[in-house]
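Listed after this line are the structures, all set down as structure tokens.
Look at the two complexes coming up: chain A is in both, with chain B in one and chain C in the other.
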Partner chain A sequence: MNNSKKFIHLYSKSLLSLGLLLIFILSLFSINWEDKLIHSGGKATLAQISRAIFSPDFSGEILHLSFISTWRTLVYAVAGISLAIIIAFIFGVLSSGILFKNKTTKKIFMHIFRRILGFMRSIHELIWAWLFVAALGLTPFSAIFALAIPYGGTLGRIFSDMLKDVSNKPIEALDSSGASNFQILFYGYLPMVKLDMISYTMYRFECAVRSSAIMSFIGLGGLGYQIQLSLADLAYNEVWTFIFFLVSLVIFIDLWSNILRNILIKDNNKSSIFGLNFKKLSFLLILTLLISSWWFIFKIEGADIFSFFSEKNYYYTKKFLSELIGIGRDDIAYLNLFHWKNALVLTLQTLNMSILAIGFSTIGMLITVIPVARNISDGSLGRTAKWYNRILFSIIRFIYIFSRAVPELIWAMIVIFVFKPGILPGAIALALHNFGILGKLSAEAIEGIDARPIKNLSTSGANSPEQLFYGIIPDIMKKFITYIIYRWEVILRTTIIVGFVGAGGLGHQFKLSMSYFHYTEITLILVCYILLVWFADILSDKMREIIK
Partner chain B sequence: MLKKEIISINNISKEFKGKKALSSLSFNIQKGELIALIGSSGSGKTTLLNIFSSSIDPTQGEVIIDGKGINEYKSNKVFAKKVGMIRQQFDLVEELPVIHNVLAGRLSQWSTTKSILSLLIPQDKTLAIKSLKRVGLEDKLYEKTSNLSGGQKQRVALARLLVQNPEIVLADEPVASLDPTRSEDVLSLLVSLAKEENKTLITSLHSVKYAKKHFNRIIALRNGKIFFDLPTKDITESRLEDLYSLQELDNNE
Partner chain C sequence: MKKIVTLLIIALMVFSLAACSNDESTNSDDNNKEKVFKIGGIPDQNASKLNRRFEDLAKYIGEETGLTVEYVPTVDYSALVTAFERGEIHLGWFGGLTGVQARNVVDGAEAIAQRPRDEEFHSVFIAQKDLELKKLTDVKGLSFTFGSESSTSGHLMPRHFLIEEGLDPKSDFDGQVNFSGSHDKTWKLVESGAFQTGALNEAVWESAVEEGKVDLDKVSVFYTTPAYYDYNWTINNVDKDFGKGTKEEVKEALLSVGEDQKEIMELFEADKFIETKNENYEAIKSVAKKLGIIK
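And then the complex of A and B:
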């Protein structure tokens, strides 16, 4: 290897971080900071909204409404995720290729089903929802399928990866004992990946609750819907009440899945809550949720699976698709150079927004992450524990969980009250949501540090900053960059959503075109969006390769 | 040669949550001695070394390093010139290139600014190259440490110790996770480096064979007490049998 190559290889992580920092700084220039970015009354509104946090409306009427809305949000999340699990299981098994012995069949199946899963998850649930509603109108199943399809895509991909990563030895043993491929699936693969599957599904369930809340945007009732109504009434105290309910629901699921995971890992059957076996309790809770949710959807919401798959809906779908393609029209947007130019500008804006968003959340994370890592907070890694560490730890941890429990779209609805429409409020909303996730992941990365090399640096005479630069940063840099890239991918997929409420980019145009029934423009926007997501996938794969 | 006491411990005990790890140990160590600590797991070898390296404090008793009480060394930078430690191969920062892991031995000399600058432009590079040459790894200067084998990592840790240049070298099971050829390789390197520079070396070992081959004084610990403390030439097979057979009896109780 020649010298310059060696240098690049050696400092790949530093160089990549430097490059990413430069891109972020460049993206800052895209905003005209001279302009008035805040509404004339924006500061006062911000103050009002902030004050309202401390005086949420807990009157009987609002509480009653909160409970009903929380229930509805939960019901749709449960329905969506249960359907997603079925989709994910079937498609995931097929795309993992473990059912096929013949190499060519295996390859073909894996390829086809990976593509299908990829397509399902590349379109955000709200876009699916909007497409369903535009084609078929608002029925319970529009919302449920809108959730189930992208969630099925993500879960299916993860299930498939888990199955592929299963250790070979036990599988070969089963194979040589004459078990069929189906038997191997149930006796070999599934028992080995069960734990990971459950714990990842629980995490996605938490996300599904957030997604279910923002289905309000297509008119589905629930917490998101109430937040939207109260915001329109400028009743910020009510807004926070509903948000607190959403946050509590998310925290409850988060805690529950953490406890369940720990019990399953330790294979501890004796853990109990209020004298009841926790594993059994969880199982009963899941069963109750499933039955009551589906009962609610069929009985109270009047969902009808047969009318959803009726001939009438088939006709509407065909009509909607032909409108998207623009059959029989002469002003087809995706064949028009002017429209393309316009769409590409918006695509760039969207990209820009995603970079700003990840930049802001990274800055927020870097400022807050040190005091919230348990091993630093309690003084076991380097710094001595101070009395204020515990307080700081709790406050920031709470901010993390709060910021991530509120979906991007709801942050955007609030931010847009303060900032003028454009990519800045979109980026801020995305950053507010992702900062909590990034912070949590990064704190866990610091907690995972091997303390031995750091202790040894201290024995070699290194002081705290030296331990930071020689021991801690080299250890966590790779993980941090990986998380940042991963969150950037997610953010890019979501930029289109925050655009709906006036945060610029492709999403904003999507909403406008939808309301003017310019369906061929929708097609063009979706093409640009999918291209962008695809480009992000390739780029992030490349970056991951660099830091490997 | 003038004998000089570099370490002396007086009646030290250490308890962990009420359990005695060491009880009332006293002995002296002269400058330049090569000492092996033997005894089965849990006999207190690592605890003793951790007390010498000032990682933990004894519950009772005093530790004198080169004429000064161990707690009188206020700065770990000064202490690092007296005492250096090498453990199993988990000493190194895996993500750093070899050169920076070696130069970490220099942190006791450098200012913070110089230390951080060195991550960009390696300082005292010739020193790093010299010590890597001594351990036979000069071609790995810019290799990522995680790419090295266990034995190579251990030699990098030795190179760091050479750069740090402490008067006393502590080694805690330095060859525990290495295969026999590499163990022999690393141990003889460690001992010959210590001999050349007249350093005091205290190593804990599982293997009595290595202890007898490379060291001139052997201290055997059992249940936190000294079982014997003898020049290597006075160690007899029956002594060793006692050490381990008694242990079995203990375990059967």
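And then the complex of A and C:
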């Protein structure tokens, strides 16, 4: 008994990876590979789409449209994330429990607010958007709230964790000096977590830009809207132009936040760009963005707070909610066994799609990650650097950024041109987006490993594959699995979205039910979706414990 | 810089206050301005064509009735129905099914006008030419795409006629059924080879052929459905907001479109609008009920 426990403990990582691999292989069987999976004309379409990458439409009209759409996408991202920060700050502080000294109140508050934050982020922003549009109509607020709530949930959870992890000593010192709880928060906690908060927020801001781009799906003009229109006209060269703009925006934010993070961590006040202090420059840029974005939303987009709190919105929100519950109806889907059966099949399909997606992403990552880690490509990890390593490094890094800068939904819209509708195109779209993220994280993990044991292997004459298997893999396996589990959680949340464009699972049923105004079916789908996300949360927590 | 977080929060608060006060001024502006009469249309085809079509018509209705008329584009069929329900769209160009959905949720909404062809509307089934299909049942085993889920001529009626012929869209096609989203996209997908067959609105097909956009060597019609009532102008309870008689005025304006508005009507693939009424769409309603789309 004890021995087997020991065995499990010793090999937990390997057992878990083996288990995950088995699940992935099982999920492959859910697809009938003997059927033709590609449309009869899919290959030709794929060729057309790929060719168009090299001839994007840079005509004046399209460029003009691109700039306007990029701006709108950015504006909504800024507005959404700024609200999210406020939400996250308030809820994060409350759920960290640092404001309360009484143990029981602390526990209760922490529990309640954790749950609220969890709920906020368990629903994808596009689903929030759809719900808001149904309740509030097509106002800019629908999109902004739809962004602010899930991002507030994610940021809030992280803020709360950061606050809880703050070292006790300075706080106790403040406490004993008689500082009030709020004084402790502002003078004790905040200065210590400020840097982490900023750098994590910057990372989420990059994600918010992508989310803002796909808000077009509910009727908001932006890059996603233009991509959708051009796809409808099968004008692939225009599609790529808009995608290039989106990618550039994401890369710009990525670079900016990287530099800012480095400067903040090193507390380097001297770094400058064009002779201007980078920190000050960043601060000014943020301020300008904030002001101009909100100005744009109120003045140009015509957002109106007063009409927002109107009787009319109250009436329609109430009506929408009672329709979701099915008040006064006798055909309530969530009380109907047949509907449940149908929804559970779709839930399984969705789960299946997420497993395929993470499997494909992992394969993609494993194939590409080795040349991409800086310490491998420059030879500092034992292997000699060959001339092609640098080139490979740059190409794959660019593919990583490119693939993750394009939101899953947009990948799905494109993939569906080539593959037949079903869970496979959905999984491929999700994998296209996620393998870049997984690759980047994993490359960083490799860059972070201790080089000495590997150098030893190298000097004792081990060749490249041997170095890989004995030196690198055991060291980074734990990190890889952690990232894979984490990305799987994110993917599961997004599977419903790719279903909107015909990629199967719960998402497609959601779209159909929305089109036909079958509200109680939507409730049922949402219930299944939330249960699935919760299940994934619990499961991944357990898996993380195993590999700890 | 040290207090960047605090500063940001303060900036945000100040700004949201400023935003609120901004808002009051725009709000009072709104009260002085006259109300805008908003028209919308289902996004069933090429967006740039729809923009021209409805913007020109909005201008015409404005001139005829003295109202300030504005066209509001939408990206989704059901979004237009929702906006109509909320009274944010006063006059909507709906398909047969979306019209029924819209009138279902707004008591007193009325179908007032349509094109002559909408009294006897058809869907066409198209296929890649070299498949040489002859009859509807030939689609069995081929890949197939509908238009939008909410489309009458691109989904509801084609599905209905497929079922009448004993075909099950769920299992009789190669792969799952696809929803392309719009009529233009349907023929483009078949022409490009992505799908072997598809069904779409006859009017959209004809105008694409007329304008020489379709390559008839690659794709052709092999079946045309029996006639049914389709597109219509459905008007909201506008007399309440714009004064008594507005509904009649708008209807009059639509019905008196003539030679002088030829360019507008070309964009509608017709030469005039004729009268219609809610009862004309009972058949559509019962088909939608039978297919479980309307409950």
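Methods note: the second predicted complex is superposed on the first by the 535 of 548 C-alpha atoms of A that agree within 3 Å, B and C clash if a C-alpha of one lies under 4 Å from a C-alpha of the other, contacts with A are read in each partner's own complex, and residues count from 1 in each chain.
What we mean here is this: a contact is a pair of C-beta atoms (placed from the backbone, for glycine too) under 8 Å apart; a residue touches a chain by one contact, two chains touch by 3 or more.
Everything numeric in this text was worked out from a predicted model, so none of it was measured.
Once the two complexes are laid over each other on the shared chain, residue contacts for A:Tyr316 go to chain C alone; chain B is not touched.
Of the two partner chains, chain C is the only one touched by A:Ile286; chain B is not.
Looking at the superposed arrangement, the partner reaching more residues of chain A, out of chain B and chain C, is C.
In the superposition on chain A, A:Lys478 makes contact with chain B only, while chain C stays out of contact range.
In the superposition on chain A, A:Leu424 makes contact with neither chain B nor chain C. Of all the residues in chain B, the ones that touch chain A in their complex are 53, 55, 76-77, 79-81, 83-85, 87, 90-97, 100, 104-105, 107-109, 112, 115-116, 119, 142, 144, 160, 164.
Note for the complex: chain A touches chain C at residues 35-36, 39-42, 44-45, 48, 82, 85-86, 89, 133-134, 137-138, 186, 190, 194, 197-198, 216-219, 225, 228-229, 232-234, 269, 279-280, 283, 286-287, 290-291, 294, 298-299, 302, 304-307, 312, 316, 331, 416-418, 420-422, 502, 504, 511-512, 514-518. Put simply, chain A touches chain B in their complex at residues 6, 10, 13, 450, 452-453, 455-463, 465-466, 469-471, 474-475, 477-478.
Residues 1, 4-9, 11-12, 15-16, 19-20, 22-24, 26-27, 30, 46-47, 74-79, 81-83, 86-88, 101, 105, 143, 148-150, 174-179, 181-182, 184-185, 188-189, 192-196, 293-295 of chain C are the ones touching chain A in the complex.
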